[in-house]
Structures are given as C-alpha cells and as structure tokens.
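A, B, C and D label the chains in the order they appear, each numbered from 1.
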Amino acid sequence: MSDNPAASRLPRPIQYSEYLNLNQVLSAQTLESARYGNPAHDELLFVITHQAYELWFKQIVFELQSVIDIFDNSTVEDREMGQIIGWLSRITEIQVVLLQQINVIETMTPLDFLEFRDLLVPASGFQSIQFKQIEIMMGIKRDQRIPADRDFFLTRLSVDERQMLEGLERKPSLLELTDAWLARMPFLKFGVFEFWKEYELAVGKMLQSDRQIIAKNPAISDENRRWQMAAIEATQQRFESLLEKSRFDQLREKGEFRLSHRGFLAALFINLYRDEPMMYLPYRYLTLLLEIDQNFTNWRSRHALMVQRMLGRKIGTGGSSGHEYLNQTTEQNRVFLDLFALSTFLLPRSSLPKLPDELRRALGFHFAKTS
Amino acid sequence: MSDNPAASRLPRPIQYSEYLNLNQVLSAQTLESARYGNPAHDELLFVITHQAYELWFKQIVFELQSVIDIFDNSTVEDREMGQIIGWLSRITEIQVVLLQQINVIETMTPLDFLEFRDLLVPASGFQSIQFKQIEIMMGIKRDQRIPADRDFFLTRLSVDERQMLEGLERKPSLLELTDAWLARMPFLKFGVFEFWKEYELAVGKMLQSDRQIIAKNPAISDENRRWQMAAIEATQQRFESLLEKSRFDQLREKGEFRLSHRGFLAALFINLYRDEPMMYLPYRYLTLLLEIDQNFTNWRSRHALMVQRMLGRKIGTGGSSGHEYLNQTTEQNRVFLDLFALSTFLLPRSSLPKLPDELRRALGFHFAKTS
Amino acid sequence: MSDNPAASRLPRPIQYSEYLNLNQVLSAQTLESARYGNPAHDELLFVITHQAYELWFKQIVFELQSVIDIFDNSTVEDREMGQIIGWLSRITEIQVVLLQQINVIETMTPLDFLEFRDLLVPASGFQSIQFKQIEIMMGIKRDQRIPADRDFFLTRLSVDERQMLEGLERKPSLLELTDAWLARMPFLKFGVFEFWKEYELAVGKMLQSDRQIIAKNPAISDENRRWQMAAIEATQQRFESLLEKSRFDQLREKGEFRLSHRGFLAALFINLYRDEPMMYLPYRYLTLLLEIDQNFTNWRSRHALMVQRMLGRKIGTGGSSGHEYLNQTTEQNRVFLDLFALSTFLLPRSSLPKLPDELRRALGFHFAKTS
Amino acid sequence: MSDNPAASRLPRPIQYSEYLNLNQVLSAQTLESARYGNPAHDELLFVITHQAYELWFKQIVFELQSVIDIFDNSTVEDREMGQIIGWLSRITEIQVVLLQQINVIETMTPLDFLEFRDLLVPASGFQSIQFKQIEIMMGIKRDQRIPADRDFFLTRLSVDERQMLEGLERKPSLLELTDAWLARMPFLKFGVFEFWKEYELAVGKMLQSDRQIIAKNPAISDENRRWQMAAIEATQQRFESLLEKSRFDQLREKGEFRLSHRGFLAALFINLYRDEPMMYLPYRYLTLLLEIDQNFTNWRSRHALMVQRMLGRKIGTGGSSGHEYLNQTTEQNRVFLDLFALSTFLLPRSSLPKLPDELRRALGFHFAKTS
C-alpha cells in the first residue's frame, strides 16, 4: 500500500479495514453446526475455503470479461494485446492458488466433515454460479455438457440465476471471439504468396521421403513395415483433412474441431512462425488460452479425487456420485482442445516453407526497416 | 458438499450461495478509483487479494486460538495432541496459499499500481489487525519489535483495536504455553535414571575423542589444528551453558534463548528420543511450530521483495521504505528460534545414552506390554 | 554439509564434487541432435529433466523398499512406524517435485521438440524400468494393467529387465503387506467387546431414524421421498455387504475391493478411532498411502495433458496415442482405492459406539496409566 | 518421446535407458556411511538431492550462456528476443523446482543428518562450482562478495576450477551485456523529440501540484505537513539525480546503481511505454531478469533457514555459522537491484508525456502501417 505524499491531493483519507470492508467480509462466516448447537471445529475452514474460491472466481470472471470486451467491440489493437496477455497470465497464477486450496481443504478429514455435512443439504458446490459463468465465458455450450450438468440448469438455479446464465450463453464466448479474430488475420494470403500450397508441398515431400526409407530399410520386419506404412497413410489423411475445407468441416461437425477452418489454419500459422515479432503476442495469447484450459482440467481432476476421498462411494441426489460426475466433466468441459491438436500438424523448422521477404518484413517492427 | 439423504432429518434446507453469504462477500469490493471516476483495472485484484489474505488470517487466528485453549485450560490429553497437530498442519498448508498469493499480486505491475496507489492513503497493509493478532498469539512481545512496529500500536490503531491487541498481549502466547507444557514433562527424572548426567558424559566422551584424533592427525597443518581445537572448546562451552541452569539463564536474559531451562531440555529430549512412541506426537508438535515460524519468516521475506519491486526506494510515512521495514521484521519477528537452535545440541544416535528399560516401557503403548 | 571438527576422527577428507561424483553425473548428457550435426537447443532440457526424474524414482524405490522390508521381515514395531511415516512423507514431497518438473518440460514448445523428436525412436518414457518398479512395489498387478501396458512387458524390455520386474511381481507388494498387517490387528475382538456388532446397531439406528423423518416430512414431494427412500436402501445394502464376509468377498472378486475383509475392517476402525493415541501412527500411515497414490494419479493425469500438448493426435507405435494411453492408466493404475472408499462407511462421531474402558486404556500410552 | 514413423529415416534406433545414460547416472550414488560400514538411511536422499541440484544448475548455466552468446556476438535481432524470453522463463520454472527441493531435503531431520554428517568433511555446498558460475554469469563481481565468499575462491577450489571461474569473471556478464544493449537503444532521441525534457516537466508539474495541496489542506497537522513537504523534497532530489548524468554517476560509484546512466534511462523508458508493441519483448526481458534474481534471493533465504534448522548454531570451518554466511549472501548477492529501483521513478499513465506520432509509429509493427 501507498504512503506517497502526492496522495495528499486527495481529500478522503481511508483506513485499511474500511477500504477492504473487513467488517462485512469477516462477519460473513455463519456456521450451520453452531446454529444447531453443535459447533464443528472444521466448518469454519469449509466456509472460508469456499468463500476464498468465490472471491477468486469473481476476479477470473472480471478478467475474462475484460478480454471479451476488447475482442467484442472492435479490432484488437496491438497495444491491447499486451494487456490481454497480462490478464490471462494473472488467471494462470490464480489457478495455482485454486489448486493449492484443495490441499488446504484436504486437511479436513472425512470424519471431521461428517460432523456437519448433513446440515448442508441441498447446498452443493455444483451450484457455484460464478464457476458456471467462467465455463460459459470460456466457451462451454449447454449441449456439450453431460446430462447431470444440463439438468442442473433446470433444477438447481433460481429464476434470476438461470436467466443470467442463459443470457451469457447467448453472447459470444472467448472461444468464438478468438476464432473470429484468427479468421480475420490478413497475412495468410499476403501478396502473391500462398502459404498453404507451400505447406502442402512440404508435407508431401516429408511423407514421400519417409515412405522410401521404410521401403528400403532392411532392419525392420515385414509386419513393422506394414504398420509404419499404414501410420504414414493415416498421417497423410490427417493433413489432407486439414487443408481441404470441406473435409475439415465434416470433422468439425462430428466435434473433432471447434475452430473454423480459417481460424484453425491461422492458429497453426502463428505456432509455426511465432519467432516473427508480429506473431509473438498472438502466440503467447494462444498458449495462455491453452494453459488456462489445462489448469481447469487439472483442477477438476484434483477436485474429483478430493471428493472421492471425502465421500467415498456415497450416491448423491443426482443419482451419481460426486466423484463420477466430476471425473466426467474433467474431460467433457475442456474448451480449447483444438490448441492441443495443433501439434499434430507442426513441421520441423528445417521443413518449414520460407516466408517471402515481403511478408517477413511485414511481420517485423516498423522501426527495424529504417535502421 | 453433501447430498446424503440422512440429512433429511434436518428441517432447514439451505442453498450454496445463502450458506456462504455470497451476496455479502461478493459485494464487498469497493474500488476507490471508481469512486473518483477513473476505474483502474487492477484495483479489483488488489482488493480481492487482500480480502483473501484476511479470510485466511481469520482461519489461522481460529486454529491458533483452538490450540491455545487446549494448552491453557488443563493438561493436554494424548488424544487432543492428534487434533492439535491436524490444526497446525492446516496452518502450514494455508501458508503455502499465502505465499502463492504473492505471485498473484505480482501480476500487477508497478505502473498499474500507480493508477490507484495514491488513493489509498493512509491505508497500509501494516494495519492488518488479524496479522498482528497472529504475531502476538505466536509469542511476539512488544519490546521485541522494531521501533516502527512499536509506534504502529500507538499511531495507527483505533482505541478498540489497540485495547483488543493489548489484551491479547497480556494473555499467555503459544510460545509461553508450550514452554510451560515442556517444563511439566515428568519423564526427565523417571525412576533413578538421571538423563542429563548420562548425556553430559556422552558429550564429554565425544569431545575427548575428537581432541585426541586432532592431536594425533599428521595430515593437518598446525594452524588448522589450532582452529579445530578452538572449535572443540567453543562446542564444549556451549554444551556447558546448556546443562548449567545459571549459565543458561544468563544467556536467556541476553535474548539467546526464549524457552526456560527445563523447557529447552525437554524439547531436546523429545528431539533425541522421538522414535519412542510417546515422543512421536510431541516431536511432530514441535516440528510444526518450527515450520509455521519458518513459513512466516519466508513469507515476510518474499513480501519485502514484492514491496521493493512495487515501490522501489520510495520513502513511506513512517520515514523508512516499506521494503526496509519488512526486511527488518523478517529476522526480528521470528518466535521459535530455540527450536532451530536445538540442532546445536544433538548427538549422533550411536553416542546417545540408552534409556533404562523401565523408561522405555513407559514411553511405549500400554497395549504393547501385554502382547 | 558439515564443518564439524569432530569429523576429524575420520581419516579420509572428501571434496564436494568428488563426493557427489559430479564428473560422472554431469558428463552423462549425450545429445542425439548433436550426434547428427544439428544440435537442438532444447534437447539438453529434455535429457536433464528425464535424468532428474530417474534420480527421484531411485529415491522413491529406495524408500518403498525400506518400508516393505520392515513389513516383510517381522511384526512392525511401534518405534519403526515413526520412521516409516517419515519415509512416506518424503515421497509425497518428492512427488511435488515430479509434478513441478512437468511445468519445466512444458517450457519446451512442440515446435522445439520436433527438432530432435524423430531421433529418439523407439525410446519411450514408458520404458522407465524404475517407474514400473514403483508401480509393482505399490501393488499393481499385471492382469490389472491395460493391454498396451501388458504388451510392454513382452515387447519393450530386455530379458534382464523383464526378469527383474517379474521377480518383483512375485514378491508381496505394499498393498498386500499392508493388508496382512491390518488383518493381524488384535484389538478388534478385545476382551468381550465385539466392535462390529455395536457398529451394526449404530448404523441400523441411524438409517431407521432417517426413514422416519423422510416418511413424516411434509415439505418434500412424493417423488423426492421415493428417491430418498431408495437411497437409504442402497446405503443399507452397502453397509450389509461390508459386514458380511461372504458378500464382501463376492464384491472383492468383482474388483470392488482389494483389501481382505479383515484388512478393510481394521482400516475402517483406525479411521474411526484415530484420536486414540495408539491409532494415530496407523492412521497417518494409511493417509500417506492414500496421498502417495493420489499424487501419482494426479501426476499421470498432468503427464497425459502434457503429452497431448506436445504430440497432438499423433498415433504412436503401439497403435494408440500417448495421450490416450496415459489417460487410461491414470484411472487404471490406482492402487489404494479401498482407502478412498472408506469414507462411505464412516459414522458421525456422535453415532460412534463408545469403546469399553479396557480397550481405550489399551490404546493409550503406558505412561498415562501410571500418572 | 516419439513414435513418429518419419523417424525411420534414421539409421540408429536408441532405447530409453541408453539415451539417458541411466547406467552412468544411477550408479553415481556412493554413500560414505556405507564405506565406513554404517549405512545411514538418509544419505541417499542427501546425495540424490544435491545431484538433482547440480543437474538443474547445468541447465541454468546452459540457458544463461545461450542468452549471453546472443547479446555478446552482435545486435540482438527481434526474432531472437522471443527465444531469449523462452529460455529465461524456463529458468524461472526450474527455480520453482530448486525451491521445492528444499522441502524434500527437510524431510531429513537434523538427527538423521548427524548419522553421516561428520563423514563429509570438508565437503561443503559452498563448493558448487556451477552455482558460482551462475552467480558470475549473472553479474556478481568478486569485490562485491562478502569476505568469507571471497576467501572461498582462494582456499576451497582446485587450480583448474579457480582458473575457469576467474576466466568467467573476466568475460562480460548478463548485467553488463544488458546494460550495453539498453544504452544502445536508439529511440530515446528519435527525431526532434527529447523525451527526458518532457519527463522532467511532467515530474515538476506533479510535485508542484502536490506542494500546493499540502500547503492548503486544513485537515492535516503542522507536523504532518512539515513531514510531507520534506518527503516531496526528497522525491525531487531523487528525480534530479536520475536526470543529471554527473549526479547519477556519483551515486553509481557509491554502489547505488549498477547500470549506466543511459542504460538505466532506457530501462525506465521501456517500463513506462511497455504497451507499445516494440517495447513488449524488452519489457518481458527485463521483468524476467528481475524475477530470476528475486527467485535466487528467495532460494538463498530459504536455504539459510534450512541450514540453521539442520545445524543450529554450530560454527563452520570458516569461523562463521553456515546460516549467517547464507543470510549475508542473500542480500549481498543480488544482481539486478536497479530493476527493483525503477519503480521509484514511474509516473502514473495520466502524467506520462505523450509520445509524438512519428515515434509511436516507429514502435509499432510495420504491418499496421499498411492496413
């Protein structure tokens, strides 16, 4: 906090506890076990941990909204990109806290939890509105959710809450905005250069060379050779479906991709040429989306283990155990899977098509040109 | 949270957000920058991080108080010791969160902080009453504090706050209660066995053997030999001042020890014979005190670096920079230094006096005897 | 490291780098990319990270073996239990390092990995013998493994390696030794007291009270009432299969339990009465087994995400993607699932049968009795 | 690891353990306690932890050297900056491992350490050559070290080791190379714009406004007003010494700054205008240097606490305790203190001089111009 004399410009002195509304925050811990005359030592921890989670969720919602606002309103300016990256990095640091807070809650043993667990019905962590907000803002769609999760919207929310979340579902998510931003990238057909033709040639050359080596290699068995040839065929298929829009769109309809064809290709280009100055910030941006997604996946999986440890195989009101439910959402509620899939289509730098000088210059800083 | 049908015993259904008073908690973020019409993006982070700190401080105060209550009211029962250890372990897990939250706040850059820093005068993190409570409960005394810290009590607190903290200062701290509990330990003169006599003999034998080897060793230089002999002398002095109460008390008056002579010896005994079943819980207890103290030291030092990074060399209202202040309290506000000093007086297991059978049996489980 | 003069007893001075065999350790990084004339910057990281993993695996194998040796040779003495707990806690701290090392390896981007990835065929992290050792020592059986994992033993190991691992598979694992140790616990029928009778009565009473409240509660819908009654029925079934050995054994054959009936009951007793001094160390022991298992599960799941990020959807030589394989073993290779299931059968302390005085005394310290 | 069929291009199949030289790495743990016939359980941990440290030190040395090579050989190209940032980020992730490894070593208790500590004389962690390399490469000079540390070079190194380190001391360090790179930055006098004039005016205006407000504010006491006026004076002094090269150089000679005047100003400019695209990478670079430095400071301070816990107040061969020595180097061996001091001179964005259009364009991407 500050002790800068310049602050005397400001008329209103403010004290620490007033500034932070500590009276309000520190009086918000009501223990059900105390209400029923049997205070359970560990309930305070339970309440405080969940409140800390909700505080951090509020911060994450705020940062995501700030990013969405920039993408939503206009073209993203270069100087805004640095800020966006700062806000997303912040989310990843908060996620480390979220993860560690599981270790804190696990200092409550299942037996201690039993002391007040039955008083909390039907409250459930699945009711966190803010966490649902985060999921929706990231890009999780209703029909992508597991059934228990979909029911939740109908049975466990107040009318206001449901309307708020459904309103959010109708707005463009970070996934969609990112896709549109990627698809808008102008440099993929810069000048006469057609990047993807070159890329296709490079892939073809690489695979042809592989085939020859396998055919001639005396050291491998026939079976192994057949298997390797089949693997090359599969690789080729994959590359072809990447480069032909119609095939890509078919796979996308089956759910194998979520980004549009143009968006996916732009993301791939950014990953391949991230060393070009102009690609650096977009590359960092995509990497952070991937990491935030990965951290939530990770947190869900840790959370599932923790719930199993606390409740064992007890069946919840939804008819399935909390552990099972959480384990399913771990894989189901991932958003930026396409960014994980990008690696499938990378080429070694030595095989990469060289960018034409004109394009390279365009991707550099203005200043460099004059020096 | 629970979905146990057994909970239907209870008349009052409760929902997640109601249980956690989320309306109250999530509406407690008032931004000064917004009040003055220039909302600063990072102020929300600043408020939420500090509120999260205060929530965790509340939990730590609660756990410390629970431990103090047990030590204060009566003899500590064996079955209470397990609980105490659970609560202290919880504090160490919370401290990992406290540390990681510094990484979160550091995602705010100094330039972003400047946007609202001057609006927060004279608020200061040093005003956290709960953190002062924790320090006092652990065992920090007013006259042990650095001057700026002592002034704080007179100048930065409301009358109520000061009275509350001064009341707390008059109550026995965890350090004092632990000392009294250690000093009460009955087994140090169990039966006819006088442990410390044996220990003294073992020390003497060890040092004598060292002297002979040094004297005879042809491989070392004369200067080295003189230095090593001096080091043995120093070691002997240290052991002597440990075993003679009057010399120990002199050193204690100079501030070199805080535990009483009996308390210190009992702590040493526990560390030496921690493999005996009855010593296990006391050993864990002392280790946790040391670790909690170490983690706060660590947090203070990280905090000092963070403040330096945010404010540079700016001078605070107290006339010293925040960094300097925090750096000084890092070393000054350590409490359980004696537990770090114990290692000075350990003997290798091979030199340890063997406990008489009668004592060993007494330190074991009752059950073992009958098996 | 030490500078104690007492050390002069020892004839052989030793220097830091000699002691640690640094010449040997730091010359063991051979880069394939350099061998083929195209040094890839990130290969050193790749090699060093894997070597660091193998060093820590060696340490974990050593600690597990030390624990197994104690359980294997004889009855476990009380004073050995403290040591075992220290060694297992150490493993959990090492596991935090293992997890963080994934963050380190992820600073290598997929594109950087491509620079040398193709040079490493057919090397594969699945070939880590020491990790297989750890799995086997913990208690993973061959027939429990997924097919790709079973094939591995036949196709990817040298004869020596396979013999070593198969020898290990024939020895009792930590799971089996723990089960035997639990089953030996004498206190379950101490004196005339038959604990499980009392426990059964307590369960019956609890469920009966639940039924009555549900039947009479006017606030819930008929459908909800039917569902809740069904849930109570399911709970009752579960408790019955716990208490009847024949039903338990049936479920065990289906793979729902791995511990023997006696072993499982003893583990439950320890969890219920962990506040008794004599139960404290066994309780810590069981908790640590659960945590080690949980940490490996967690590490596998993080590892799977990392591999997906590095390789995308590329198909491996085994015909499945690395990510899929690892994702499957995440759930499949858990060992101490029974300890997670224990929570299913806990009772609130208020419903717990009171232990007879005689038993309580037997579970206390000998010393307490005489005081 | 890879299972890409393309790899069949390569003639030499390689297995996991062969690739990693596991025979060599895993046979490098020689236990002194075993040599003397009294194997100490915890010595393996001690050896392996230190070996893991040395592996990571090797990686850090490699990354630092790679950065130094780029700065040393030529002007740093924009596309190299992204790589440099990747390598420095890697170091920060490794530092998290280094920190966590202290938690691992602390699972060895002082009593367990005693079992073999005396066998390790005169080996000492201070003898780690690679850590000294890291310090020197970062920018620590001999005459800046504390005496015990300087002596070390003369007494504890072999001739070869000393020559190697002294050779390194004569080469430019990362601090010096960064300073030179900063001082070369061309944009500070771009066109007719003279940035620092504008900056000085802005500072003057800000301080003048502060003075007026303090003078007029009726709410503050006379004493407080005097104090605040004095603080403004001090602030003004500080800014003046920043902007006048001769005064800056005087302070630099006293050790208050390490960067040159031009270097320091460029670093400040980068921090003030980091939102301009061209400043983003330099800003990230400077931030990473600060964080690496901060993490080492942090690690030293944790290390000092750990040694105190292990050895208590025992005096080392150098005549001072290990704890004291390490505590002193914690503050002494910081390198990039100037980057912490930058915050002293930041201005709120609202007071920042606006950059002329020509300069702003020059700091943007070339592409932006044509769009």
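By definition in this document, a residue touches a chain if its C-beta (ideal position, glycine included) is under 8 Å from a C-beta of that chain, and two chains touch if they have at least 3 such contacts.
Note that the structure is a prediction, hence the values are computed from the model and not measured.
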Quiz item: Counting one step for each move to a touching chain, how far apart are chain B and chain D?
Solution: 1
Exercise. Averaging each chain's C-alpha atoms to get its centre, pick out the one most distant from chain D.
Key: C
Exercise. Express in whole angstrom the distance between the two chain centres, defined as the mean CA positions of chain B and chain C.
Key: 31
Quiz prompt | Distance between the centres, which are taken as Cα means, of chain D and chain C, whole angstrom | solution = 39
Quiz item: Taking each residue of chain A in turn, which ones touch at least two of the other chains?
Solution: 6, 8-9, 13, 83, 109, 118, 231, 235, 274, 311, 314-315, 317
Quiz item: In their shared complex, at which residues does chain A touch chain B?
Solution: 1-4, 6-10, 13-22, 24-30, 32, 36, 41, 44-45, 47-48, 50-52, 54-56, 58-59, 62, 66, 83, 86-87, 89-90, 93-94, 96-97, 100-101, 103-104, 106-107, 109, 117-125, 127-130, 311, 314-318, 322
Self-check item: Of chain C, residues touching chain B in the complex
Solution: 5-6, 8-9, 11, 13, 78-79, 81-83, 186-187, 206-207, 209-210, 213-214, 217, 219-220, 228, 231-232, 235, 274-278, 280-281, 361-371
Exercise. Name, in rising order, each residue of chain A that touches chain C in their complex.
Key: 38, 109-111, 114-115, 118, 227, 231, 234-235, 238, 271-272, 274, 290, 294, 297-298, 301-302, 305, 308-315, 317, 319, 327, 331, 340-350
